[in-house]
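Sharing a structure here in structure tokens format.
Read from first to last, the chains carry the letters A, B, C and D; within each, the first residue is number 1.
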Amino acid sequence: MNNNLYNYILGVADNSLILAQRLGELCGHGPTLETDIALTNISLDLLGQTRSYYQYAAKIKGEDATEDSIAFLRLEREYKNVLLVEQPNTHFGFVIARQFLFDVYHYMIMQQLQNSKDLNLAAIANKGIKEVSYHKRFSSDWVKRLGDGTSESNQKIQEAIDALWRFTDELFDILEADQKMINEGVAVDVSKLKAAYYEEVSEVLKEANIQIPESKYFTRGGKKGIHSEHMGYLLADLQYMQRTYPNMTW
Amino acid sequence: MSEHEVKKLEEIFEARIARDEKIEPKDWMPEKYRKTHIRQMSQHAHSEIVGMLPEGNWITRAPSLRRKAALLAKVQDEAGHGLYLYSACETLGVSRDELFEQLHSGKAKYSSIFNYPTVTWADMGAIGWLVDGAAIINQVPLCNTSFGPYARAMVRVCKEESFHQRQGYEIMLTLCKGSEEQKEMAQDALNRWWWPSLMMLGPTDAESVHTEQSMKWKLKRKSNDELRQQFIDQTVPQADILGLTIPDPDLKWNEETGHYDFGEIDWDEFWQVVKGHGPCNKERMKARVDAWENGAWVRDAAMAHAEKKQKNLKEAI
Amino acid sequence: MNNNLYNYILGVADNSLILAQRLGELCGHGPTLETDIALTNISLDLLGQTRSYYQYAAKIKGEDATEDSIAFLRLEREYKNVLLVEQPNTHFGFVIARQFLFDVYHYMIMQQLQNSKDLNLAAIANKGIKEVSYHKRFSSDWVKRLGDGTSESNQKIQEAIDALWRFTDELFDILEADQKMINEGVAVDVSKLKAAYYEEVSEVLKEANIQIPESKYFTRGGKKGIHSEHMGYLLADLQYMQRTYPNMTW
Amino acid sequence: MSEHEVKKLEEIFEARIARDEKIEPKDWMPEKYRKTHIRQMSQHAHSEIVGMLPEGNWITRAPSLRRKAALLAKVQDEAGHGLYLYSACETLGVSRDELFEQLHSGKAKYSSIFNYPTVTWADMGAIGWLVDGAAIINQVPLCNTSFGPYARAMVRVCKEESFHQRQGYEIMLTLCKGSEEQKEMAQDALNRWWWPSLMMLGPTDAESVHTEQSMKWKLKRKSNDELRQQFIDQTVPQADILGLTIPDPDLKWNEETGHYDFGEIDWDEFWQVVKGHGPCNKERMKARVDAWENGAWVRDAAMAHAEKKQKNLKEAI
């Protein structure tokens, strides 16, 4: 089995799974029906992508691996998502800020992944790019709406951007497996996206009357499987059925 | 308008309905027709919205990615149904905010079935199979109801509901073909949802108000008891296929009537839940009110932003 | 195995386990260090009682049963605790009200259980009665303190009592297994405690300037294993380790 | 008081300390002594209180009832230590509320180690073994420090800490004797907690302030680097017994010095965490501030009730 490819795929896919899970918590509790529907749509898109990635990863892994064994039966230390996507739904400002900070990044990755030498990954990216482009439009619009809405909403989205900013630098970390896959023309060299990312993010924030955080201190760990303390509780729910009833068909 | 004129309009109106013409929002209509429709459609909309909660409870814990996605999509459909139905209400001159206010204050009702807790994953199957099944039986006739926007909304709603019902049944089927634990889980869900599902078809005809008028307006085509019998006759064979036992010792096929006889429904329970004292009434209302209150600043922001944009646009012209 | 005895013990013990778990969530987050320490004490007492009950139950069950397999490896429908104890820590008023409404009941049970013909149960009750007497004093005092404190605290404890009142009637339900154990002089006939319970509770509430709720509508189900929607999440955390790492020693 | 008189008092004071007499709260003491003690004792108290959080994170998920009870009891002990230490501060004329205010505003520090997340159950073992182990090395000398209330608090604290340390080590031992997964979990925890534990002993002597004065007042008896060496020398053989590998390729026994040599500590990381930018600084402060703010109405109520009672009592007399 191609370990590097397998690990690279999980790194990309876990972001979608965990963010979809967070968005799934919100279903039925949003500020309007329209935002409920839109965020559920995003969650569904991400889940769809996750399934394509994991199905491919399961093939690579062989044995009895399935999309579900990969999604539900790993230990916390084996999930490779960035810290950003596991952060809680503190309030709607956090939901939007988290989505926006991820979408800009996600779109860049999908754009490049379309050119991957791995045709499976290229196909997933090709199918997903339209969806992610919609996500980015949705979250950017809401960043602007909240930033330029009332003084309360401006303060709340600012609070969220300030709180989540420290998780952005990790998005551009490259692990060993990633580097090997970059060298083979399979993976996206995210380190090269960093400047463009901050530029695009800053532009939207500026338009939204949001201060761009200046902190130079960042938190990382998710990509290496060292997650925040929120992650264990998220996984306890996510894995509950598969752990409680092993080896069954649903 | 003189009394005579109103009477005349009413006659024309009733004649249109009798001819199966659709009434549209801008048409003249009796005040009672308008009010009855607002009441029924908003109650239906509220049921969709509150109905998101018991199923939403299992989204984070769905047992496979495929089921998680299907459940999410289903709950999203319910939000969509709520949206059409509130829009249909709006055509009659009542705003969504007003309707929410009625829901949150307890003035408006919603389907009582959603006041039961979803205790296991099998409840996702049972709700699809039984609750959506009963809903469809209630709703299919409404695709031909007299008020155009309601009828058109119901066409779409029924199509999606019947998809949900099949999906629910398929969850049950998978469980019943699965391990002993899964089969027990399925039986347990049937035990808990069976009677509340029968209650969904409404009080017995003897206790039901509004029926005659509703029949005339095609808001109702069959009595509650007829619908209930239809539901039971349709569902029992489905349970047989699953290999599950309906939790009613009095249930048995009656050769003479060509229907299933069934046991007594616990109407005390029904009225207790309707009056707000079911297992989850408090929790459901709290969830809706919390969502609404916590979302106020977001709605305010969207409004303020839209106004600013409009103002900038005007100034630019 | 004596099924009725086993089930009766679980019915009593699960209340302690689930309430201990709820109190455990609070550790480090209380309004003062003193209340943190006191509530942890109560949680520890309840856990201790739970262990004694489950150890006894494990002996009755035989096979490979242990206190931990009973605590952690049942399905949600197999937990027999009353709905009251699984209600969430909405705010400190709820914590105190839940504790108070349970403690008055718990004390009555322990008092009678001391006379059980089952000497193991009598011994557990004998050991526990002092602890529970302290719990009751603590929670009653706080009910009074909050009821007779500020208008805000009065309103908050009233809100909690109003919300939890509907779970009190279930405390006095008797299941089939219970009845058989009552007949044998093993179990406490809780139905006979009801009047005294409401009297004692009402007296404290009156002293605390709290309105006694008048609702005649009650919610039940926990004793039969039909729990509120809070329970699944509580169990997902409680069982997480045992489900994720089966058959290990910790 | 004249400068001369103060000087005289100071001399008597220093002589008392030199004679190993205990200073008690009501005794005269130099202002700097008072301030230094408030700073160090409150910092210690804050560390106990914040230290409840990373371990509290596993109470609901502890893998057995026995471990759950032991963990609860341990976290409770930490609350108790906080309580003594705040009380010791209060004897020097500063209130608990003021001290909390300093913590919440970020003015007061607490031990940096508690800004790392507890990621697996094995972290409960590693914290007990390593973090409490390092704490004991820091604290044992304080049982003989000059300020009476602090010295007495430390006697009790150290006794309990050493119990906690044994308990933590026993968790590690159980894991290391367990399954492959458990052993991996233990190694992983050691990997993550080793370096932060070394940092707990404080910056290298070159960078450490306050040391000379603290030595004189018996707030310190050995330098940070000496304590660190002691910790390493004591811990490495314990890791060997567990069969775990210390994550330091440069670690090796030095026959000549009779100590372990070890690799370079990442002091950048240390200072980043101290300055508030560790993995969980924000979360820890939020948890403390939330607890405090959400508890305000409770504290107000208790105060109001006590006042009413007192008033009633007075009126009755």
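Criterion: a contact is a pair of C-beta atoms (placed from the backbone, for glycine too) under 8 Å apart; a residue touches a chain by one contact, two chains touch by 3 or more.
This structure is a prediction, so every number in the text was calculated from the model and none was measured.
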Farthest chain from subunit C, comparing Cα centres? A
Could you work out how far the Cα centre of subunit A sits from that of subunit D, in whole Å? 37
Averaging over Cα atoms per chain, report the distance between subunit B and subunit D in Å. 58
In angstrom, rounded to a whole number, how far apart do the mean CA points of subunit A and subunit C lie? 41
Could you say which residues in subunit A touch two or more other chains, in rising order? 75, 232, 236-237, 240
Scan subunit D for residues touching two or more other chains and write them down. 61, 181
Thinking of each chain as a vertex joined to the chains it touches, would you call that graph a line, ring, star, complete, or other? other
Full enumeration of touching chain pairs: A-B, A-C, A-D, B-C, C-D
Per the touch rule, the subunit C residues reaching subunit D in their complex are 21, 24-25, 27-37, 40-41, 43-44, 47-48, 50-51, 54, 67-68, 71-72, 91-92, 144-146, 148-150, 152-153, 156, 237-238, 240-242, 245, 248-250
Taking the complex as given, what residues does subunit C use to touch subunit B? 75-77, 163, 166, 215, 217, 219, 221, 226-229, 232, 236
Show me the residue ranges of subunit C that touch subunit A in the complex, using the header's touch definition. 75, 232-233, 236-237, 239-240, 243-244
Which positions of subunit D touch subunit C when the two form their complex? 49, 52-53, 56, 59-69, 72-73, 75-76, 79-80, 82-83, 86, 121, 171, 174-175, 177-179, 181-182, 287, 290-292, 294-305, 308
Of all residues in subunit B, which touch subunit C in the complex? 54, 57, 61, 117-120, 181, 188, 192, 272, 275, 277, 279-280, 282-283
